[in-house]
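Structures given as structure tokens follow.
Shared between the two complexes below is chain A, which pairs with chain B and chain C, respectively.
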Partner chain A sequence: MSSSFLLDLTACIGCDGCTVACKTGNELPQDVSYIRISERVSGTFPNLVGSIDNHRCLHCADAACVNVCPTGALFQEDGLTRLNASACSGCQYCVQACPFDVPVMANGVATKCDGCRDVVRAGGTPWCVTTCPSNALMFGERADIAAEAHARATTMRAKYPNGQVYGESQAGGLGVLLVLPDDPEQLGLPRDPDIPRVTEAWQDFAQPIGLGAIGVSVLGAGVAAVIARRNHMNEMRALEEAGAGAEGNDDEVTP
Partner chain B sequence: MPKVPLEITRRTLLKSGVAAGVAGAVGTNGMRGAPAFAADIREDAWYRQGEIKITYSVCDMCPWSCGMIVQSVDGVIRKVDGNPKDPKSRGMLCARGQGAVSFSQDPDRLRSPMVRTGERGEGRFREVEWDFALDLIAQEMNKIKDRAGQEAIAFFGHTSGDHWWIGHLAQAWGSPNAASPASAMCISPRDEASLLTFGFPVGGREPLDWERLEAVALIGSHIGEDARNTVMQDFANLHARAGTVVVVDPRFSTVATKSDHWLPIKPGTDTALLLAWMHVLITEGLYDADYIDRWATGFQQLEAHVQDKTPGWAAGICDLEADQIRDSVRALAAHAPRAAIMPGRHVTWYGNDTQRMRAVYLVNALLGAYGREGGIFFNRAPYIGDVPHPPYAVAGSAGGCSAEPADDGERGPLAAGPTGKVRADGVRETFLQGPTAMQELIEPMLTGQPYPIEGLICYGTNLLKSVPDPERTKEALRNLELFVAIDVLPMEHIAWADIVLPEATVLERYEDLYTMATDTPYIHLREPAVEPPYDVKPGWWIAKELGTRIGLDGFFRWEDIEEYLEIRLRSVGSSLDGIRAEGGVLIQQGRPFLEDHEDSSPFLTGSGKIELYSQTLADAGLDPLPEYEPIDEPPDGFYRLLYGRQPTHTFARTQNTPVLHDVTPENAVWLNAEEARSIGVADGAQVMLENQDGAISGPVTVKVTERIRRDAVFLAHGWGHDSEGLSRANGVGASDTKLQTSYALDPISGGAGMRVNYVRIASEA
Partner chain C sequence: MSDTTFKQPVITEDGERILRYRPAQRYIHLLVAVTFVALFLTGLPLIFEPLSFLAAGGYSRILHRVAAVGFMAVPILYFLFDREGMKELIKESFTYDKDDLRWLTHMGRYFLGNASDMPPQGRLNAGQKLHHAAVIILGTSVVFSGVFAWISAGTMSDTLLSWTMLVHNVSMLGLVLLLIGHIYFTVVYKALTSMHTGYVPTVDARIEHSKWVAEVEAAEAEARAAQERLEEARRRAAQETGQG
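For the complex of A and B:
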């Protein structure tokens, strides 16, 4: 059994309803948000193309954050990645490793979306999905969500010829399937996000016997490799964006 | 298991599967199993701290008024969600609505009645008892009444409880000078144009039949930035069906990013575009001739009027291509009658606004949209009885989003007070008709003409962040004999009040039943989730206590609000328990379409038809058909100041709300990228803005963007607070109101057109 979110970026109108519902329902402290909305516009006046970024945890099946977490505070359940803050040591490995820049630190521990685990277990729907006025969010069984995503992408090709579903293959499959109005590269998403293998291998082996001295050193090496690779990815992304920028201006701002 | 209400289950595709998955998470699907502690993460969460109490209310975070379900635990409000049974929210809320919890918990709230001890504007007060404050107000009101008549006290009001003040109390007291900013500084041109053309106002909810609509045009309507919940939902559904979207806006707004046709029009030229659209519809035979023949008068005059209003003519005026004009209206017409221009909300732009709105409606009429499925439906108000009271001393004149239209429509008698004095806002002298124009009541406070306004009761209206030319408003406030402010937060105008009365938020009080005229007329309950904190009181209680002290006890013949609500609900065969059992809302039958009106015409004009040509306007010496009139150009070095919304904030009301401030902590001035290069201003620079009269506001961050024309800049409304009591919002951003020292009075509706101000980038801050 596996749950997924649908995030339809052709529908999202950037109202931040999800952001505030999440902050309120999850009692997030000031300056901490699991969702960040911004607008992405390219071209020059009056020939412009725009879309909304709705940045949030994508719940990778092959999750960098879970792979590098030395304490098991990050784990997987029901197809989503969960975070038990009380088990977090504050090492920030997840913050460094995530290819989507998701986990952040709050009060010395990492935090991120846990898919409203308690609410869902009580028979409810994640706060963000419940409130979304633009019908950009859904939550349910993965097969149903995947079918909905494809149906939407097909309909929206009338408006967005490059409209497509993102997240079925990336990072082992994302727990958030996105409907995109354009190619992922145009929207700042990696077509093939980089997920650490070294640490995953380490963690699978070392975790059952705890954090021994050898384990920690291996972990250190693994994380270093992850971060190096991630920096490389960022550079590649920057180069790609510079190339795109030659044709138009990127204007990414919070509304 | 925490008790989380199942109202939140919308869009759950699979519920039982999730529950089953919890028990069997380990090892499923090849994933790493959940650790042993997985059962109790977030163990301190609010929903584990006690029993969750559910109450029903209507959101007050903007005037749209979505039905809400409020969850509280141990006397603390924790979460709000849309009420799924409410026709407006349909179970969803926008960011502001979700911020209602934080708004109620703002530590900067007013906590006790206060009486001024310093000079007006200094903001020095002493706390007093309610009895003392109310006795003092009653005494001063009676003094003014004895000296200058009841009409010398004005009542301003906005937000959920405004009807107690600008409706019930003002009418019982006998002042026709009762006004809401929601009229003359927002929608009155829209509603007066509708009254002139169809005989009824647009009403609180623009009656587009979105469910079946196939094409929409938005002229200066910023759906998504203007976050009216239902409209965002309806637009999203239209867009998700790949419906046609035409956006006319000098700015590449959020909704323009989702449009099929974006027309980056030169500000102030919309009427030329609309006339050209009519020209295309008529000359290309795209209008609904049978419909016009059956339901409209004045077509021949209109046809002659737009004969020479070609797309080529409009293109030069509007700074658009003729093909753009032609293609966009053809795209609408291809779906007629399931196509319409959305009337919009804030339409007081240039002073010619009623005429522009008439042009909008004439296009919709040519598309055959009124009373047609997929077009524009007819609103109907829900039936509900009033609590009996003596006759009012004066007819209502406030208007606003949901009030009855003023009785001076169709040039009937003007509302007059007990001593015979009619409204002091200049209606019939400076403008034709409409609800009381709030901004026109400032001048009588200063000049005493046509007669003095000596007292002001101001409910929930930030005078210095809404009325243009705040310096003039301050002078007027200095002149008053009595200024009473009732509010939740220490907004700017509070510092000028003689007596300040702190109010409970809508989540902390009963409020009169919310009634909505629409295709499914309905009544929504507003009940408190928690007790009011500090020494604050519900507005109904304040109105009743004050009313009793000024001899109006006959208008408050009920012990408490629950008795009042029971009397009203009995008239529709319900009760407080009954409406709760119905999920907080009672829905009645509407008459939305032409076929529902076979007994009599749904158009309530003198002719019983859509009046394309307005004899009423002709008789008043005004243009009977909309004309394009050029407006002034910005002076050299200045840009036209456009303003609008952020989806996370409402008016000048929410910038201090902790969670909303956290998400959107400032506004920025949008400046065209090429223009920014030419004047050497960098993205992110901190600048001051100076207007044509030397008014300055800022510092504000520059947003250099391709998304706006070179001849205009844009600010989100409501920022630039300068009240020290607003600890988060004070001193942040620029105030559009401060830069609006000028406005153009609409000669028909009395609306205050505010897009006639210009600013320059004055300096680095």
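For the complex of A and C:
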């Protein structure tokens, strides 16, 4: 099963209903909010265009936060990125890595939208979707959501010629498909979110090689030590027998 | 070669043992050993998934920082308690003579436990010099990348974070490999006494560090001669005053 959200920014009226429902439903701490609504004005006077920013976790398939998370507290499930806060070590790597600036720290651990995991597992619908009065939000099977997004993009093109679906290719595909009235840049969304490749070099390449090198060295050194120790004892015995005579070898005296 | 805090004879009275590490050096080494192992063990859960449960809750992170402070105190303590030893270590680690280079070309033999017939070596053999030089360089980069990650936690860009941690982890990998080698040679040449009592058997030292033993003995002989001359002069002075 792969679930997705639909977020139609041509339908969103910026009412903050989802913000409040999410905060209440998920019992978030006072200064934490998984959704931030703001108004955006773009263009130059007198040709101004107004739009609404609905800032939230976009649930990347190729998620930088999951990639950098060293403890597995962030993980992927059902096409969404989840967070198991009790496994979080509070390192803040996800806060730094997310190209959309989503995870935040609360009480020493990272926190972000987990797609209302428990609610959905119990057969419900995410809080933000339940409460949306303008039909801007939907939650369901990825294929259904994608079909709905394209249908909406097609019908709205009469009004918004640049209208498009965002999130099918970005960051490996987003778990939130957005219907945009304009080009993503006009709405503050990166056309191609930057996921640092060096992170992958470090996680998928440097770490296994490094750990392997340590393991091989320990084994190799263990075997070589037995041989070399015997060599050295033979050498010292030979030296002792060969000469010095009076001068004893203290090598084997334990302290 | 003076240690102002503790005094131990450079060569034991029976001549069988020679002082390799002064007490301050041994305690500082102990601090390096304990903090480094603690840093490794508390850092490991962040790169080795099967151990990641140890990092949950953030306690390993706090321990990591406590150990980090101890590790960073090492150069400061070394400077405060044995400035000469520190200077000597740094200088020797980065100076190599002809014997050192010849020693390095025969390193395989020494690696397999054959210390005799190696080119003569000073206080540190060429391998130890390389080891210390690498520890100084990698220790510096692990500290700077770590402190940088510490003070800018949560505010770094994703790319900067990745590079910082890459430098930190690769430096640490180098240091761990050096530690494995370090323990290896300690076992092969049964060298733990030098860090326990401070002394090593003179026979062994003569085989592995002949130039150093010669130096120490010459310095000891020189000191003894000076002492004798002083006593002789005193005796004569006393005689003269007695006569006068």
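The working rule: the second predicted complex is superposed on the first by the 190 of 255 C-alpha atoms of A that agree within 3 Å, B and C clash if a C-alpha of one lies under 4 Å from a C-alpha of the other, contacts with A are read in each partner's own complex, and residues count from 1 in each chain.
Rule of thumb we're sticking to: contacts are C-beta pairs under 8 Å (C-beta built on N, C-alpha and C of every residue); 3 or more make two chains touch, one makes a residue touch a chain.
These numbers come from a predicted model, not from an experiment.
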Which of the two partners, first being chain B and second being chain C, lies in contact with A:V165: first, second, both, or neither? neither
First, second, both or neither for A:G72, with chain B first and chain C second: both
Of chain B and chain C, the chain that contacts the larger number of chain A residues: B
Touch check for A:C113: first (chain B), second (chain C), both, or neither? neither
Go through the superposed model and pick first if A:C98 touches only chain B, second if only chain C, both, or neither. second
Of the two partner chains, chain B (first) and chain C (second), which one does A:L177 touch, if any: first, second, both, or neither? neither
Does chain B (first) or chain C (second) touch A:A64, or do both, or does neither? second
First (chain B), second (chain C), both or neither touched by A:A87: both
Chain C-contacting residues of chain A that also contact chain B: 72, 86-87, 249, 251, 253, 255
Interfacial residue positions of chain A with respect to chain B in the complex: 1-3, 8, 10-11, 13-17, 19-21, 23-27, 30-31, 33, 39, 41, 43-46, 48-52, 61, 66, 72, 75-79, 82-87, 114, 117-125, 127, 129-141, 144-145, 152, 155-156, 158-159, 249, 251, 253-255
Mind listing the chain B positions that touch chain A in their complex? 1-6, 8-15, 17-22, 24-25, 28-29, 31-32, 34-35, 37-38, 41-43, 45-48, 78-82, 91-99, 101-102, 223-225, 227, 229-230, 232-233, 235-237, 239-242, 252, 254-258, 260, 262, 264, 646-648, 658-660, 662-664, 672-674, 703, 705-710
Help me check something: in the complex, which residues belonging to chain C touch chain A? 16-17, 45-49, 52-53, 55-58, 60-61, 111-116, 153-159, 161-163, 165-166, 169-170, 173, 176-177, 180-181, 183-184, 187-190, 192-193, 196-197, 201-204, 207
Enumerate the contact residues on chain A facing chain C in the complex. 64, 68, 70-73, 86-93, 95-99, 105, 108-109, 194-196, 198-199, 201-202, 206-207, 210-211, 213-214, 217-218, 221, 224-225, 227-233, 235, 239, 244, 247-253, 255
